[in-house]
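You will see two complexes here that share chain A, one where it goes with chain B and one where it goes with chain C.
Up next is the complex of A and B:
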C-alpha cells in the first residue's frame, strides 16, 4: 500500500513539476535562452492568486484566466524591450541578463510582500479523497487536473494553430522560417510571452498547495532545470516525462534515504543525465 | 611581460599600501577587494580565456571555506589548511572538469551552477563534520589584538591575490593560455589539429578552483564563522562574471579593475540602499549588458572623440 501511495504522490507532483517546467522549456527551446526569471514569475503568479482570493474570493482555478493574459503581456514586453537586444549574443550574456532581471524582480517582491511565508487557505477546506488506503487532498487533485489541462492546451496550440506551427518552425530552423515569411522577432516575443503566461499559471496553481514567499523562486527554478534536462529539451511530452521521473525519484529517495537527501538526489540525477544523455528521455529537435 | 600585465602588478602593489592609510574599515574593504579580485581573475581563466560560462565559483569558494575551516577546527595551522584545500580543490576540479567540460553552452552553465547546490546539500547533511545548517565555528587564530589580526588577514588575502595574478599572467603567456584561446575560437577545429582540448580545459578548471578555494579558506579563517547558505551563495558565482564583464573579458588587468570598481559600487549601493541592494545590482547588470557589452573599455575616449567628429 505504501508503494501505491508513493506512486500516486509522484503522479500528482509530477504533473505539477511538468507545469512548472513547460514554459521554461518552451523559452529555452525556441529562443535558446535560459530564462532565470521563470522562478520569480511563478512566485508572482502565486501572489496574484493569493491577492485575488483574499480580496475578491476568486478561487485559484478561476484566477488562471486572469493570470494568463497578464503574464503574457508582461513576458511579451520584456522580450521585445530588453531581451531581444541581446538575443544573438553568447550564452554568458543572455544568462547573466536574465539573472539581473531576476534579481530586480525578486528584490522588488521581497520589498513589497516581505520575505514571510504565506499560505492561501481555502474556506471551507476541500478535504481529501481516499481509495482504499491511498489518500490525496482534493485541492492537489484540482491543481493536477489544471496543470494537465494547461499542458494539453499548449500542445494543441503548438500542433493546431498558425502561431504554434510558426513557433515550431522557428525552433526547427530559424533561417528557413525567415525565408518562409515568419516574422522571427515577433515569434520570439510570443514564445517568451507564452512561457511567462505558463509560469504565472503554474504559480497560481502552486499557491493552492505550497506556501508562498519570494525566497521559494530559486527552488521552482531548480525544479524547472532538472525537469527540462531529464525530459529532454523542446517537447511537451518531454516535460511531462521529466516531471514524473523527478517526482518519482524524489518520492522514493525521501522514503528510503530521508527527506533531507531529496535535493541531492535530484541534482545527482541531473548531472548523470547531463553527462550520459544530454538529449533527455524523449528529446528531439522539434518542439511539440 | 606586456604593458598591461606590468600595470596589473603595479595595481596590486598599490593595494598592499592600504594599511598605511586607514584603520579597520580600510583593512576590511581591502581584504574584500583582494577576495573579489581573486574570484574574478580565477573565473577569467575558464570564462574569459576558454569562453566556458562557468557558474562554479561559489562551489569552489564554499569548498575551500569548509575544507580549511574543518582542518583549522582540528588544530591545523592556517597555511597547511589552506594549502591542502587548494591541492584537493585542484585535483577534484580537474577530475570533475574532465567530465563536466564535455558539455557546452547552456548545459555546462547549468551543470556548473548545480555543483554549488550539490555541495551545499552535502555540507548540510554531513552534520558531524561540518555542523550542518548550524554553521561551523572556526577557532580564533591568536590573541594578537583586533588590528594585528585584521592586518594579518589582509596580507594573507593579498598574498593569494598576488599568486592568482601571477598565475593569470603566466597562463596568459603560456601554451595553456594559447590553447584556451584556440578553444574559445573554435573547439572542434582545435581538437582536429591535435590539441588535447580535454587536458587543457581540465587544467584551466582545476587552476581556477585552486585559487578560488584558497580565497575561501582565508575567508573562513577571517570571519571565524561560516554556514552553507553564506559560502555557497550563488552571488559568489555571479559577481565575478559581472566584474569581468565590467572590466572587459579576457584581460587580467581589466578583470582586476572591474573587481575593484564593482566593490566600490557595491559599497555605495550597500550603504545607501540596504533594502534594495540586490535589485540595484540586477539593474546594474542589465544596463551593463545592454549598453556596455564590452565593459568599460568600450568607453575609450578616442571613440567618443571619433563619434563627436562625425556629428
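Up next is the complex of A and C:
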C-alpha cells in the first residue's frame, strides 16, 4: 500500500513540477533565453492568488483567469522593452540580464510583501480523498487537473493555431521563419508572454499547496531547471515527462535512502542526463 | 551678463559653504565622541532574511529605548547608541568578513553575534582575535561556546534545555506514547535539536522508529510523511524553520496523519505560523527560549516582560517572539555591563558581562564559564485556541497539555 501511496504522490507532484517548468522550457526552447525571472513570476502569481482570495474570496482555480492575461501582458512588455535589446547577444548576456531583473523583482517583493511566509488557507478546507488507504489531498488534485489543462492548452496552441505554428517555426529555424514572413520579434514577445502567463498560473496553483514568500522563488527555479533538462527543452510533453521522472526519483529516493538524499539523487540524475542524453527524455537533437 | 551674475553668486557662496561644512564637521566630530557603536552582522537578504529582520527589530527597539532615555551612562556622561548593520546575505564566510570590517574599519565598540549557531561561531573567531565583547542573540548549540573564548557570550540555553522538559511533560501526561518519529532539516540548529530530542527520548525509554534529515529547500515532504505514517508513531517531532514546518504540517493534514502528540521547533513560536495554518496549528506543542506570557520584573531598561511586549507591539504592531526578545536583551545586557564598568574599555565591559547576575524582562541572566547563559528555564508551550499557552515552567504555567493533533 505504501508503494501505491508513493506512486500517487509522485504522479500528482510530477504534474505540479511540470506546471512549474513548462513556461521556463518554452522560453528557453524558443528564445534560447534562460529566464531566471521565472521563479519570481511564480511567487508573484502566488501573491496574486493570496490577495484575491483574502480580499475578494476568489479561489485560486478562478484566479488563473485573472493571472493568465495579466502575466502575459507583463511578459510581453518585458520582452519587447528590455530583453529584445539583447536577444541576439550570447546566452551569457541574456542570462545576466534576467538575473538582474530577477534581483530587482525579488527584492521589490521582499520590500512590498516582506520576507515572512504566508499561506493561502482555504476555509472550509478541501480535505483529502482516499481510495483504500491511499490518500490524495483534494487541493493537489485540483492543481494537478489545472496543470494538465494548462499543459493541454499550450500543446493545442502550439500545434493547432497560426501563432503556435509560428512559434514552433521560429524555434526550429529562425532565419527560415523570417523568410516565410514570420514577424520574429513579435513571436519572441508572444512566447515570452506565454512563458510568463504559465509561470503566473503555476504560482496561483502553487499558492494552494506551498507557503508563499519571495525566498521560495529559487526553489521553483531550481525545479524548473532540472525538469527542463530531464524532459527536453521547449517541449510540452518533455516538461510533463521530466516532472514525473523527477517526482518519482525524489519519492522513491526519499523512501529508501532518506529525505536528505532525495535532492542529491535528483541532481545525480541531472548530471547523468547531461552527460548521456543532453537532449532530455523527449527533446530531439539539433533543434537549437 | 547672466554668466557673471552666476559666477558672482558662486564666488560669494564658497566661503559660506566652507563655513557651514566646517561647522558640520565640528558638530559631527563632537557627536561621534558621544556615541557607542555596536556592530551587527545580519543575513538581511537570502534564505535567512525573515529571521534577520526579527533580530534587527529587537536591536532597533533597544537602541530606540536607550536613546530615548538619553543614552547609556558611562562615568556620569551619556552616550547615544548607534547600531551598524551589515548584510552578509545568508552566507557565513561573508559574516566573518563583515565582522572583521566592522571592527577594523567601522570602529565599532562592541559586537552582536551573527544569526544562528553556525555563523555566530564562525564570526566569533574574529571578535575574539580583536578582543571585542560579543553577545550572540540566537546561538544555542554548545559547540559555539566550547571554543574556550573569553569575549563571547550567548543568551540562548543549550538545546537540551528545550527537549528535556518537553519529554518529561509528555512522559507524565501521555503515558501511551511509546514510539517517536523525528524529522529534521539538515542544518546546524535543527539537527542539533533533533539529536538532543533523540537523546532525551531514549533516556525516557521511548522507541525512536524514524529519525531522518531533509534537505534545505525541500518543497515536498509527502514521501517522508507517508513512511512515518506507515510506522504509526504516537509522537511526531519535526524541526526546521517556519517555512519547512508550515509545509510539513500542511502535508500532514493532507495525508490525514493524526498523532497524540506533534511537536515542532521552532515555528509555532511565531505568529505567522499560527496565522498561516489556522486550525491545523491546534495542539502543536513546542519549546522556545522566551515567551511573551512570562512575568519577570527586570532590572534592565525594559523592566517587566509586559512592558517589553507593550513597547514591541507599539512599535511593530505584532507580538514579539523569542528571537526578537533575545536581540533586545543583548542590547540591554550591554547597557548594564557598560554602565557597571563605567567605561568603554572592552576588557572592563567583558569582565562585567562575565560577572552579570541580573533579572531581566527575559528572565534571570547569568553566564556560565563558557559564556553561554545557564540561568534560564525555557518555556514549553502548545497552540490552544489559536494562541500559544505555556505549559512549563510551573511559575508561568497557563494551561495543561491537550492530547491529539488531527
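Operating definition for what follows: the second predicted complex is superposed on the first by the 284 of 288 C-alpha atoms of A that agree within 3 Å, B and C clash if a C-alpha of one lies under 4 Å from a C-alpha of the other, contacts with A are read in each partner's own complex, and residues count from 1 in each chain.
In this text, a contact is a pair of C-beta atoms (placed from the backbone, for glycine too) under 8 Å apart; a residue touches a chain by one contact, two chains touch by 3 or more.
Nothing here was measured: the structure is a model prediction, and the numbers come from that model.
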Notebook entry, point to check: Fit or clash for chain B plus chain C once both are placed on chain A?
Noted result: clash
Check: Looking at the overlay, does A:153 come into contact with chain B only (first), chain C only (second), both, or neither?
Finding: neither
Notebook entry, point to check: Between chain B (first) and chain C (second), which, if any, makes contact with A:6: first, second, both or neither?
Noted result: second
Next item on the list: Report for A:260: first if it touches chain B alone, second if chain C alone, otherwise both or neither.
Entry: both
Item checked: First (chain B), second (chain C), both or neither touched by A:272 -> neither
Note to self: Quick check for you: in the superposed arrangement, does A:34 touch first (chain B), second (chain C), both or neither?
What the structure shows: first
Margin query: Contacts for A:128 in the overlay, against chain B (first) and chain C (second): which applies, first, second, both or neither?
Written below: second
Margin query: Touch test for A:119: chain B only (first), chain C only (second), both, or neither?
Written below: second
Notebook entry, point to check: Touching A:85 in the superposition: chain B (first), chain C (second), both, neither?
Noted result: first
Margin query: Between chain B and chain C, whom does A:213 touch in the aligned arrangement: first, second, both, or neither?
Written below: second
Margin query: Once the two complexes are overlaid on A, one stretch of chain B runs into chain C. Is it 128-136, 182-190 or 290-298?
Written below: 128-136
Item checked: chain A positions touched by chain B in one structure and by chain C in the second -> 107, 218, 222, 260, 263-264
Check: Residues of chain A touching chain C in their complex?
Finding: 1-2, 5-6, 9, 13, 107, 110, 114-119, 121, 123, 125, 128, 130, 135, 137, 139-140, 209-211, 213, 215-216, 218-219, 222-223, 247, 250-252, 254-255, 258-260, 262-264
Margin query: Per the contact definition, I'd like the list of chain B residues that touch chain A in the complex.
Written below: 47, 51, 53, 99-100, 102-103, 105-107, 109-111, 114, 117-118, 121-122, 124-125, 234, 238, 241-242, 245, 275-279, 281-286, 289-290, 293
Check: In the complex formed with chain A, which residues of chain C make contact?
Finding: 45-47, 49-50, 53, 183, 186, 212-215, 217-224, 226-227, 230, 242-243, 246-247, 250-251, 253-256, 272, 275-279
Checklist line | Of all residues in chain A, those that touch chain B in their complex | finding: 28, 32, 34, 82, 85-86, 89-93, 95-97, 99-108, 111, 218, 222, 225, 229, 260-261, 263-264, 267-268, 270-271, 274-275, 278
